[in-house]
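What follows is a set of structures for review.
Both complexes below contain chain A, partnered by chain B and then by chain C.
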Partner chain A sequence: MKFSIDRSKFINQTSNVQRAISTKTTIPILTGMKLDLSESGLTITGSNSDISITAFISKEDSDNDLKIESTGSIVLPARFFNEIIKKLPGDNFELEVLNNNQTLIKSGVSEFTINGLDAVNYPHLPDVETDNQLVLPTDVFKEVVNQTVIAVSTQESRPVLTGVNFLITSEGLTAVATDSHRLSQRKINITSDEDYNLIIPGKSLTELVRTISDSVKEISMSISENQVLFSFDNIMFYSRLLDGRYPETDRLIPDESNTRLTFDSSKLLASVERASLLSHESRNNVIKLEIKAVDKKATLYGNSPEVGTVEEVLDFDNLEGDDLEISFNPDYLKDALRSFGSNASIEMSFTSPLHPFTLRPVENRDNFVQLITPVRTF
Partner chain B sequence: MDAFFASVEEREHPEYKKKCLIVAQDPRKHNHHGVVTTANYNARKYGAHSAMPAQQAVELIPKEKLVISPPNFELYRKVSDQIHDIFGEVTDNYQTVALDEAYLDVTHNKLNETNTIKIANYIQQRIVKETSLTCSVGISYNKFLAKMASDYRKPFGRTIILGKYAKEFLKPIPIEKFNGIGKAMQHKLHEMDIYTGADLQKMDQDAILEKFGKMGYVIYKRVHGIDDSPVEGHRARTSIGRERTYNRNLVTTEQINQELIYLAEMVSQDLRKKRQHGKTVVLKLRNSEFETITKRMSFQDYVQTKEEIYRVAKDIYDKLKVTDQKIRLLGITVTNLDPLSYEEVSLNLSYKGDNYE
Partner chain C sequence: MAEKDLYDEFETITNQLNDISKKVSLLKEELSKTLEEKEELKIENQNLRKHLEKMGYEDKDFKGNELSYSRLNLENLYRKGFHVCQQFYGTHRKDKEECIFCTNVLYGSNDKGKKKKVKIN
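Up next, the complex of A and B:
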C-alpha cells in the first residue's frame, strides 16, 4: 500500500472519523484508525463498539490530490498518527506500508516510521441494507435530535431510556426521549414506505449531529435489525440500536390544562437562570412558581438555606386559568426552553401541583412538546 | 421490657403463663443446639436464663411444666416499633438498646412534665395499654444509674435513684450486675476479693486504672455515681433493607424475580414509612454453598419506588451472572439515605398491562 495525498483534505476527514475512536476500549485494535486503499480512493474508518464512522476520499476529486501507487490496508494507532499528520511540514504527505505493518510517512524533510497493525484483525463494519432509505433534510433532522436528546436518561438503570425513540410510520416521524422526570417529543412530516420503531443511543445522536457539517443538505437513514446507518457526503455513520421496548409515552402527555401561561422563551429563560443561581447552592435543586390568576401575577421563588433567597415577578404575554403553586427542577425548564430557540412564543400548561406540565411553541403546538414533572415538597 | 420475648409469647398464647416458657429453638428438634433468648419468670425460678444453652434449660425445668417457643422476631420487632413510637411521643432524644431497652433523656420532654415519676408512670401505662406488656423503669441523673435502677425491681418496677443516695445504692450490688463489667473483669476482681459495689468504691483510682485501663476508669467513675455519656438520640439510619432466607433454594429465574419484586416492595414501603430515599441499592445473595455475595450500584438520582428498586436489583443480579442458580437468601438494601424533603414526581413509564419491565 502506497499513496500520497493533500494533507489538509486528509485531516478534514480524519477529524470526523476520530469521533468514533476512544482510548478506552476493551478491543485494543479499536484504538487504531483503519486506512483502506482501493483503486477508486481511500476509506478511513474509526469505531468504538457503539458507533463506527467511515470517510471516503475519492481519487476522482482532484482537490484531494490522491495519487495511488499500490492498494492495501493498514491500522495505525490513531492518537500518534493524527498528531503526526497535523504537525508534518509539507502540504502533501506520502504513506507507505513496509514489512511487518511498519508504516513510513514522509512529508517534506520529515520521515516517520510507525508500527501499524494488520487490518485483517479489524472488526467488520455492521451490515446495513441501503435499499430502503429515508431521506431527511439536515436542518430538520438536527433540530429533532437537539430538541429530544436533552431528555435522554444518563442513568444506566434502564438502558432504553438512554436513547431517543424514533417511530416512523406513513404518518410521519415521531422522536421521543424521557428520563422519567421530563419528556420531549417532536414530530415531523416525512413519507416512508415502511414502519420503523427504533431506539438510537443519545450519545450516538450527539456525535452524529456534530459530524454533520452545515453544508450538508440531506442525510439518508438506513435501518437494520440492530444498527442504523446515516450517510451524507462521503461519510457513513453507523450506530448500534438499543435493545428492548420503549415505554408507551403518548398517554403521559396531558391534553387538558387548568392554568396556562404564554411567554417569550428568552425572557423566561433569563428569569429561570437567575432563580436557579441559588437553588443550585441548595441540596434540593428546586424552584417554585406561584400563579395568582386574579392578580394576573406569576412569581418565581428560589432559595438556598446557606446563601439566601430570590424572588422574581415574571413578565408574561398571557395568563389564564386557576391559581397554582408548583415546584420543579429549574435545570429541566432551562434545557426545555433552550430547545425552542430564542424569542419563541411558548405556552406552559399546568393541571395541578403534582402533575406534569407542558411547554409547546404557540406556532407549532401539535408537533413539539416538552413535558416536565414537578417536585413534591414535604 | 420485662422478659420481653417471653412476655410477647405469653400474650399470644395465654396458656403459657402458668408454664415455664423458654423462647429458643427447640433443642430436641435441633440436635441439642439452640440458645435461650428469653425465659419467663416461672422458668427463671428453676435457674433458666437468657444466653444459656437451651439444652441446659430443658434439663433444669420439669418436663410437665416446660414450654419451648421458637422466637418470632418479626412480631417482636413490630412490638418494639410500637414501644419506640411511645418514646417518640415523650421525647425525640431516646437511644434504643436492642429491641426492648432504651434510654430517654426527659430533661426536656414533649409532655412538659417536670416530675420524672409521672413520666415513668405515663410510659408504663401507655405500654400496657397498647401492647398488654409490662416494663420496668429506672430514673436517675445519668444513664448508668438509670439502667441499674431499671434492673432493681422487675417486673413492672419503678425505681428512682437520687444523687445523694447513688453511692449508697450501689454498695450492696454484686459486681456481676454492674453494667460494663464483663466476665473477664469479674474474674479478675473476684481474684482481688472484690465482690460488691462497696468493695469497688474502696479501690484506689490509680490501682483500678492500672489494672483495667480505660474501662477501669469508666467503672471507677460509675461506682462513684458518675457517668457523663450522653443519650445518643436515634442516630440517622444509614440504610433500610430486607432479606429473606428460603427453606427451599430458589432455582428458577421466575422465583427469583418474584422474590426480588417482593423485597423491593417491602423496602420501598419501609423507605416511605421512614420518609427516606437513597442513592445506592445493595443486593445480597447466598447460594446453597453458603457463599454470600453483596454487590451495590449507586446513582445520582434518588431511588425510592418499588419499580426502581426492583429494576436495579434485577440488573445487579443479572450482572452477577450466577452460574449455579441455587439461592438460599436474597436481600435488598437501600443506603446512602437522605430524608425525603422533596421528591421528583416520576412518569409512569410502563407498558400496557404490566407493572414491570
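Up next, the complex of A and C:
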C-alpha cells in the first residue's frame, strides 16, 4: 500500500473519524485508525463499541491530490498518527506500508516509521441495508436532536432512557427523550413507507450532530435491526441502537390545563437564571413560582437558608386561569427554555402543583413540547 | 502530693464521663422508644380516621380522601423514597427526585376514554 495525499484535506477527514476512536477501549485494535486504499480512493475508519465513522477520500476530486501507487490496508495508532500528520512540514505527505506492518510516512524533510497493526484483525462494520432510506434536511434534523437530547438520562442504570426514541410512521417522525424528571418531544413531517421504532443513544446523537458540517444540506438515515446508519457528504456514521422497550410517553403529556402563562423565552430564562443562583446553594435546588390570576401577577422565589432569598416579579405577555403555587428544579426549566432559541414566544401550561407542566412554542404548539415534573414541597 | 491530686482528679472525671455516657445512651433509648410510639400512634390515628370516614363522619381539615385507598398506599411508598412506576418499581429514588412516570401513576387520570381521545388527536 502506497499513496500520497494533500495533508489538510486528509486532516479534515481524520478529525471526523477521530470522534469515534476512544483511548479507553478494551479492544486494543480499536485505538487505531483503519486506512483502506482501493482503486477509487481512500477510506478512513474509526470505531468504538457504540459508534463507527468512515470517511471516503475520492481519487476523482483533484483537490485531494490523491496519488495511488499500490492498494492495501493498515491500522495505525490513532493518537500518534494524527499528531504526526498535523505536525508534518509539507503540504503533502506520502505513506507506504513496509514489511511487518511498519509504516513509513514522508513529508518534506521529515520521515517517520511507525508500527501499525494488521487490518485483517479490524472488526467488520455492521451491515445496514440502504434500500429504505429516510432523507432529512440537516437543519431540521439538528434541531430535533438538540431539542430532545437535553432530556436524555445520564444514569447508565436505566439504559433505555439514555437514548432518544424515534418513532417513524406514515404520519411523520416523533422524537422523545426523558430522564423520568423531564421530557422533551419533537415531531416533524416526513414521509416514510415503513414504520420504525428505534432508540438511538444520546451520546451517539451528540457526536453525530458535531460531525455534520454546516455545508451539508441533507442526511440520509438507514435503519437495521440493531444499527442505524447516517450518511452525508462522504461520511458514514453508524450507531448501535439501544435494546429494550421505550416506556409509553403519550399518556404523560397532559392535554388540559388550568393555568396558562405566555412569555418571551429569553426574558424568562434570565429570570430563572437569577433565581437559581441561590437555589443551587440549598440542599434541594428548588424555586417556586406563584401565580395570582386576579392581580395578573407571577412571582418567582428562590431561597437558600444559609445565603438568603430572591424574589422576582415576572414580565409575561399573557396570563389566564387559576391561582397556583408550584415548585420545580430551575435547571430543568433552563435547559428547556434554551432549546426554544432566543426570543421565542412560549406558553407554559399548569394543571396542579402535583402534575407535570408543559412548555410549548406558541407558533408550533403541536410539534414541540417540553414537560417538567414539579417538586412537592409541602 | 501533687501527683496524687492529679490521679484523683482523673478518677473523678472518668467517673463523671461514665455517668454522662450512661445518661446519653438512656436518652437515646428513650428517644427511639418515643419515635416508635409516635409512628404507631400516627398509623393508629390514620386507621381510626378511616374508620370514622367509613361510618360517615367527615373532617374538613383532613385531606387525602381524593385518592383511592390503593393509590394512597402507593403515594406513601413514593413519599418514602421508592419508585412506584412500572419502569422502576421498588427501586430507590435517588435524592428523592420526582419521577414523571410515578407522578402519572399516582395523579394521572385513569379514565380510559380520555386516553383514546388523545390517541385520535
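To be clear about the criterion, the second predicted complex is superposed on the first by the 377 of 378 C-alpha atoms of A that agree within 3 Å, B and C clash if a C-alpha of one lies under 4 Å from a C-alpha of the other, contacts with A are read in each partner's own complex, and residues count from 1 in each chain.
Here is the rule we go by: contacts are C-beta pairs under 8 Å (C-beta built on N, C-alpha and C of every residue); 3 or more make two chains touch, one makes a residue touch a chain.
Values in this document were obtained by computation on a predicted structure and should not be read as measured data.
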* Asked: Fit or clash for chain B plus chain C once both are placed on chain A?
  -> clash
* Please work out whether A:D214 is in contact with chain B alone, chain C alone, both, or neither, and reply first, second, both or neither. => neither
* Applying the touch criterion given at the start, work out whether A:E39 contacts chain B, chain C, both or neither, answering first, second, both or neither. => neither
* Asked: After superposition on the shared chain, which partner residues are touched by A:E306: those of chain B (first), chain C (second), both, or neither?
  -> neither
* Which partner does A:T377 contact after superposing on A: first (chain B), second (chain C), both, neither? -> first
* Considering only the touch criterion stated at the top, classify A:D250 as touching first (chain B), second (chain C), both, or neither. => second
* **Residue contacts on chain A - larger count, chain B or chain C** => B
* Asked: Does the superposition put A:V286 against chain B (first), chain C (second), both, or neither?
  -> first
* Which partner does A:D131 contact after superposing on A: first (chain B), second (chain C), both, neither? -> neither
* To do: Would you sort A:E60 into first (chain B), second (chain C), both or neither based on which partner it touches?
  => neither
* To do: Clash-wise, after the superposition, say which stretch of chain B runs into chain C: 188-196, 242-250, 296-304 or 314-322.
  => 296-304
* **Residues of chain A contacting chain B in one complex and chain C in the other** => 155, 158, 178, 180-181, 183, 247, 252, 329, 354-356, 371, 373-376
* Asked: Which chain C residues qualify as touching chain A in the complex?
  -> 85-88, 94, 97-101, 103-104, 106-108, 115, 118-119, 121
* Under the touch definition given earlier, write down the residues of chain A that touch chain C in their complex. => 155, 158, 178, 180-183, 247, 250-252, 255, 329, 352, 354-356, 371, 373-376
* Structure fact -> Within their complex, chain A touches chain B through residues 154-155, 157-158, 161, 178, 180-181, 183, 244-245, 247-249, 252, 283-284, 286, 327, 329, 354-356, 371, 373-378
* Structure fact -> Listed in rising order, the residues of chain B that touch chain A in the complex are 275, 297, 299-301, 308, 311-312, 315, 338, 340-352, 357
